[in-house]
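All chains are identified by letter, namely A, B, C and D, in their written order; residue positions are counted from 1 within each chain.
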Amino acid sequence: MIILQALVFIVSAPFLSGLITKIKNNLRMRQGESILQPYYNLAKLSLKSEVLSETTSWIFKITPYILLASSLAGALLIPLFIYPAPLRGIGDFLALIFIFSLGRFFLSLAALDAGSSFGGMGSSREMFISSLVEPALCMVVFSIFLQFGSTDISVFCGAHQITAASLIGAVALFLICLAECARIPVDNQETHLELTMVQEAMILEYSGMRLAFIELAAYIKQMVFFFLIAQLIFPISLPAKGNFIGLLFWGLWYSGRIFIVALITALVEVSLAKMRLFRVVDYLGFAFLLGIIAVICAVIGV
Amino acid sequence: MQEITLIGILISTCLMVVAKSLLALIRGFRWQSFFLFLATFLIAWKEAQPSLYIIAGLLLVIKVVLIPQLLYKIIKKIKVGQGLGLFVNTQLSLFFVLLFAYLAWDFSSQLIVYGSHAQAGIIAIALFLVLVGFFLMVSRITALAQVVGLLVMENGLFLLASAVSGGMPFFVEIAIFFDVFVSVVIMGSFVYRINKFFTHIDVDKLSHLRG
Amino acid sequence: MQIIFILGIPLALALAALLLRRQKTIGLLNCAGYLLMLVQSVSLLRQIVLSGKTISLFGFICLDSLSAFFILVTAVVSFAAALYSFGYINNDLASARISEKKARAYYLLFNLFCCSMFFVPALDNLGMLWVAIEMTTLVSAFLVGFYNTKHSVEAAWKYIIICSVGIILALLGTILFSYAFSISGISKSLNWSEITPFANTLDKNILKFAFLFILVGYGTKAGFAPMHTWLPDAYSQAVSPISALLSGVLSNAAVYAIFRFGIIVIDGVGIAYFSKLMLLFGVISLVISGGFMLVQKDLKRLLAYSSIEHIGIIAIGLGLASPLALCGALAHIFNHAVTKSLMFFGAGNIVNLYQKHNLNAIRGVLKAMPFTGVMLLLGVFALCGFPPFSLFISEMIILIAAFGANAYLIAGLLLLFLSIVFGAFIYHFGKMLYGNLPKGMAVTGQCLSGKIAFLFLFLLICAPGIGLLFMQKDLIWFVQNLFPR
Amino acid sequence: MFNLSANFIFDPLSIFFIFVILIVSSAAALYSHGYLKNAYTFPRKVFAWVLLLIFVCSMLLVVTGSNLLVFIIAWELMSLVSYFFVVFDFQYNRSIQAGMIYIVITHIGTAFLLAAFLMIYQAAHSFDFIALKDACHLLPMQTRNTIFLLLLIGFGTKAGIVPMHIWLPYAHPQAPSHISSIMSGVMIKTAIYGMIRFIFFILGITSPWWGILVLILAIISCLVGVIYALMEHDIKKLLAYHSVENIGIILLGVGLGMFFVSMNLPYLAVFALVAGLYHLINHAIFKGLLFLCAGSVCKATGTRNMEKMGGLIKRMPHTAVYFLIGAMAISALPPLNGFVSEWLTLQAFFLGALNTLGGTKVFLGICAAMLALTGGLAAACFVKAFGIIFLAQPRSQYAESAREVSWSMKAGMFILAALVIIFGLAAGSIVKLLIKVSAATLGVDGSALNLSAYNLTLNLQALMPGPVGKDSYLSLPYLAALLVILGAIFFVIYRLAKRKSLTYKTWDCGYYKVGSRNEYTATAFSKPFRIAFSFFLFPYHKTQKVRESFYHVKAFSYETHTTPVFKKYVYYPLLAWILKFARLLRRIQPGSIHLYLAYIFAVIILLIMFINKF
């Protein structure tokens, strides 16, 4: 089951990214690339030979593995289609946050390793944004904790009532997700303009299969966030028992809600412009505020 | 008779306060000491104490003769001007002296509860001398004036001692006399040195060591 | 009898200084003599404490354990000073700062000075006590003005005049005391041993006034602020061993006098009067000296102000007046005398080498004189009350007593100013001891007797701190014996 | 009165601290063998060893003495010896200044402690801890509050909580590195020991505001420490500021424990204290490790300035690995030990919020969020530290010529690095032990708190009597295994794919020569933070053009600084005020003997006038 969940993540995560790109392009009245483009990219990168910078050290070489491992490990902590999660005993929501930060830590180091200023710039900005994300994320976890009495991810992944607290928490989490997954308005995946790059600047020196790993890791992380947001807004539980049709409809809705989150993401990306780096402080401050409101709602019990 | 000596002490003290030259100051001191001697002599006579006679004699020898002589000699030797150097001019000094007289009287009346009126008077004058001596030390610039001020204070104490307790134990008195004499000699030698190093004896200008 | 030795040896040594020609012989004799005295004073203290009785002699000497204690303090410091003087005077002679004749004069004055200080606690008669203290002033004035420079003469003049005024006020107080005795009809003798038992029959009003004069008078001599003004001048200009004696013994002699009268006043007037006055002067001394130390520029003046501070602490200890506090104050007297002597010796070495007093101009002492530097560094910590040094113990006792008496304000001020003083010390000494030598500076060794003096004092600084762990019972017993009441 | 029959206490708390002290000290001692070599003359080396011995002994005495007097003597001895280490290189003005600041502030702290101790002493008239413990419960409320505040300031000074942290960034970097590691790793922890011993054990906690005050101070320490650390480019100073931060995190656990005790939640209090103690030992280990690594780097390069380093990972591979492990631990990355204790602390906050009401929940939540922010900033800071020091190309000759350090230094670092990993993976058993320690300290029966040994599972039903809350899980060994397995799988995939790989220069945008001058600097790295926290840091910059003529600028210099807020707005004004007072006072002694005599005159007159007031 563990391996199955891992494979599901690996297989479906790039699809979400392709979907978002497709929606964005369609909204912009463009044909756009195929929805499967991320898969093509990954395949192409895996087949290509690799260029390493001569200034780099082993940090640069091992980072993709660590990054991908941490993303996938995080993904295995959530109950995607098995309740409770297969690796529930390994860690909770807080652990998830820290596991993601492990990958990010190494990616930032690797960015500095090549010795180009782009890497340093990206690394600095990434750590800046991520450190501001932490308190907001913590507040969201806290609001969930107050409602469900545990930081275990599985406890809120069943059916539960939609409360104001979880809704507001979901919004905050969505804002955080945009920042974490390098989306507009915090970062722009589509640009290679050095003044605005964050994520792209960090991975500038990577190529070949290692780059593929890094991209895959980003897709997986994004999917984890989408799943959590979806679970907060549209909570459903696994069917206790049911017929095949019922199971099919359930499955459709179960995965469909994640696509809804992707759709919202695409809408947001299309309708907003990227912010200046220092506006991110306000942006994440707002997310933090939403987190506090969610906590207050949870305390009041609405 | 005793009153006359006391008045003599008072007047000579006032003379010292208004004195503007060292010589006048020492002359005043000599007179003061002389009246003090008279007063002591009278007490000795009245109480018929041989030890007091000796003390009176010592007073005469040391304070009336030796010390003023010594001071004159120093003045002659160091060849400085005769001026005392006044921080407070003589008129104002006299005003202060009045104030001291009141203070001394007030203090002595607080102090003396059992004693006679006359004794209170003597104590008041003694304290007055102490205060004036102190005042002279504070308000007169030259080194020698300070020595004289100290001696005036000492005179006051002597008077006080003989008034309140009929004198200290005999050998204590002797020792005190000896002490006073030695201290004047030593101070005199330091006055020489000051004059040697600074070519003046204005101790107010001795302010290299501060803070 | 030990006391005859103790009083006689300095006189004999003074005579020797007059008669002998070679100053080295005199110096060596001095060291031996003071060592003998130290032994004698220890045995005296032992005898008195063990027997618990006072010793009277010739009707004018009377020793109780308090006197014996002060004699011991005097003996310790003067022994160290004698040791240190030997090297110091040799050095001065070698560098032609003084002549052979002057060196002999130094030993003469040194012995007279010590002699008069040994007399102070030994005397029974309060009038003679006054005479002895006045004698210390007169003798030491020459030692302050020993180098015959502008500064030293100025300091000596201020010293002699201010102290004389103070001492005259003390005489006034003594006379008033004698008046109180005479009207009470007990005795005319002025012997404290006769008066103290009847203190409560004395006239309160007169005693109050009398003590005021005593306190201001002897307080001038002890160095209570704001009558302390002569002290930094004199300490900084005196010959270094004499600075140690001034600080370690002379101040204590004055404190002894105050305390002698204080015992009578406590019985006669009540403890509140005594303690309020002492606390007032203690706190003022503490505050003023702390401020001066912060902005001090002269090494020996810094130490002088530190003496004022410690006298303030001693006054606070006496002022708290509980047995514990008194014990602390007495311990502090001893510890301060020892520690401050060490510091003055160190300062003397520095001044000799650098020919400067200015704190800002002296650098790299640890490199120039490792031994002295280390001693001074440890001395700084000892002086500021760091454990395991002895001053910590006595300060601690005083603080405990302050808290015990609910004198939180006093305790708080004490702690505050101890910290400030420590800051000042470490600032000044840090700059001075560490760092690099000035260019072209010759590094010289130090003679053996000086080193012995340092080690002797350092041992005494450490001993109570470490010894407390092992000798607590004896110490408690001693303190109880010191104060039968 | 003095009862000094050498009493010692060996309860679990003391033993725990002995353990902490010995671990770090022995590693540091091993390290010092190589560190001192070739740097000092023989007598100075002997001196360093003797001092080290006294230092460790005094710390041991601090944590084992069961007597106020022993405690204070050992405490002062510890300060004194560490001061000698701070001024060990006494030829530098920096050392002298650092030593002065350190010892003076410590002394002030001790003054507060002394006041508190003597007030406690008055309660029992005994110096013995047990007797004091019994007597303190009878003290009136106000006295206890005062004692608490005095203790907090006193110990806080040593621990380095803001705003008394000012000495830390001066003193710790100035000592030899093995001592920095002991000072930062262990010595400041003795203050935490003091707090636990005196506030929990002896004084007893009565008011909730004690805990809340500690929490607020701890949060401030965390943030201030880490923000200053981000701005710092002196590697040892950076680490020193991180000590401020980590002491804050430890105090979060301890303060939370206080709060829970006063709210009558004993099990939670035990748990919070466990979190605090766990972070304490973790910080001792990884900060010790980091200082040792920093020492190696400094010794190899001869500078402490990060901007002059770079590329050391190739020149000092071992040190780099150890530093990386330390950096990961301090950034709370799984599966290392720092992560466990931060996780525990966050859980303590969360669980506490479940058991309290209303506004307190929000307060605890915000505290937790601030802790998370601290963690994020710390990670950023160590990305900067490791990246700038070890990665890319050397930025100067210093770094170019660096060589790996000697075996004993490596061994010292290795021990601590291994412990970092062990304390991460064996978290379950360690928490069990720590529960015993803190339960014994708080006088609670700890056996009800059951945890499985390899699977760190918090059983909330056992933690709290009420039926609120469900279990949370964390298992470090499995997590580590998971990460390793996944990483290995991808590594194997990569290897199997066998793509061609070639090495070339870093992409240079077509510029012909990318050198170390093009690299991102530490200053640049921290710029976003500098701007984001400008409301606190008050950054300013100076630019200067050196012109040859009006048209030709020959050189251009640019400096940026941040304003040291506490120094500038608290300590300098205070010091200036005191000095001003002293200078005013100095004027009363202008050298005039007449004035001096007038003082005596005035004193006597005044005393006579007010004689009845006495």
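The rule is simple: a residue touches a chain if its C-beta (ideal position, glycine included) is under 8 Å from a C-beta of that chain, and two chains touch if they have at least 3 such contacts.
Owing to the predicted nature of the structure, the values given are computational and were not obtained by experimental measurement.
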Item to complete: Using mean Cα positions as chain centres, tell me which chain lies farthest from chain B.
Response: A
Worksheet item: Given the two chain pairs A-D and C-D, which is bridged by the higher number of C-beta pairs in contact?
Response: A-D
Worksheet item: Whole-Å distance, chain A centre to chain D centre, using C-alpha means?
Response: 34
Worksheet item: Which whole number of Å gives the spacing of the CA centres of chain A and chain B?
Response: 100
Worksheet item: Can you give the whole-Å distance between the Cα centres of chain C and chain D?
Response: 44
Discussion item. Could you work out how far the Cα centre of chain A sits from that of chain C, in whole Å?
Written reply: 78
Practice prompt. Could you list which residues of chain D touch at least two other chains?
Written response: 586, 589, 593, 597, 608
Worksheet item: Do you know which chain B residues sit against two or more other chains?
Response: 107, 134, 137, 146, 203, 206, 208-209, 211
Practice prompt. Send over the residues of chain A in touch with two or more other chains.
Written response: none
Fill in: Interchain contacts (touch definition) - all pairs
A-D, B-C, B-D, C-D
Item to complete: Show which residues of chain D lie in contact with chain B when the two form their complex.
Response: 586, 589-594, 597-598, 601, 605, 608
Fill in: Residues of chain A defined as touching chain D within the complex
46-55, 57-59, 62, 64-66, 68-70, 72-73, 76, 87-92, 94-95, 97-99, 101-102, 104-105, 108-109, 111-117, 119-121, 123-125, 127-128, 130-139, 142-143, 145-146, 148-152, 155, 204-205, 208-210, 213, 277-278, 281, 288, 291-292, 295-296, 299
Worksheet item: Which residues, counting only chain D, touch chain A once they are in their complex?
Response: 311, 313-314, 324, 328, 331-334, 339, 342-343, 346-347, 350, 353-354, 358, 361-362, 365-366, 368-373, 375-377, 379-380, 382-384, 386-388, 390-393, 455, 457, 460, 468-475, 478-479, 482-484, 486-488, 490-491, 494, 497, 499-508, 514, 516, 518-521, 524-529, 531-532
Worksheet item: Can you list the residues on chain C that touch chain B in the complex?
Response: 125, 127-128, 130-131, 134-135, 137-138, 141-142, 145, 148-151, 153-158, 160-161, 164-165, 168, 171-172, 175-176, 178-179, 181-183, 188-190, 203, 205-206, 209, 232-233, 236-237, 292, 295-297, 301
Worksheet entry | chain B to chain D touching residues, read off their complex | 87, 103, 107, 134-135, 137-139, 141, 146, 203-204, 206-211
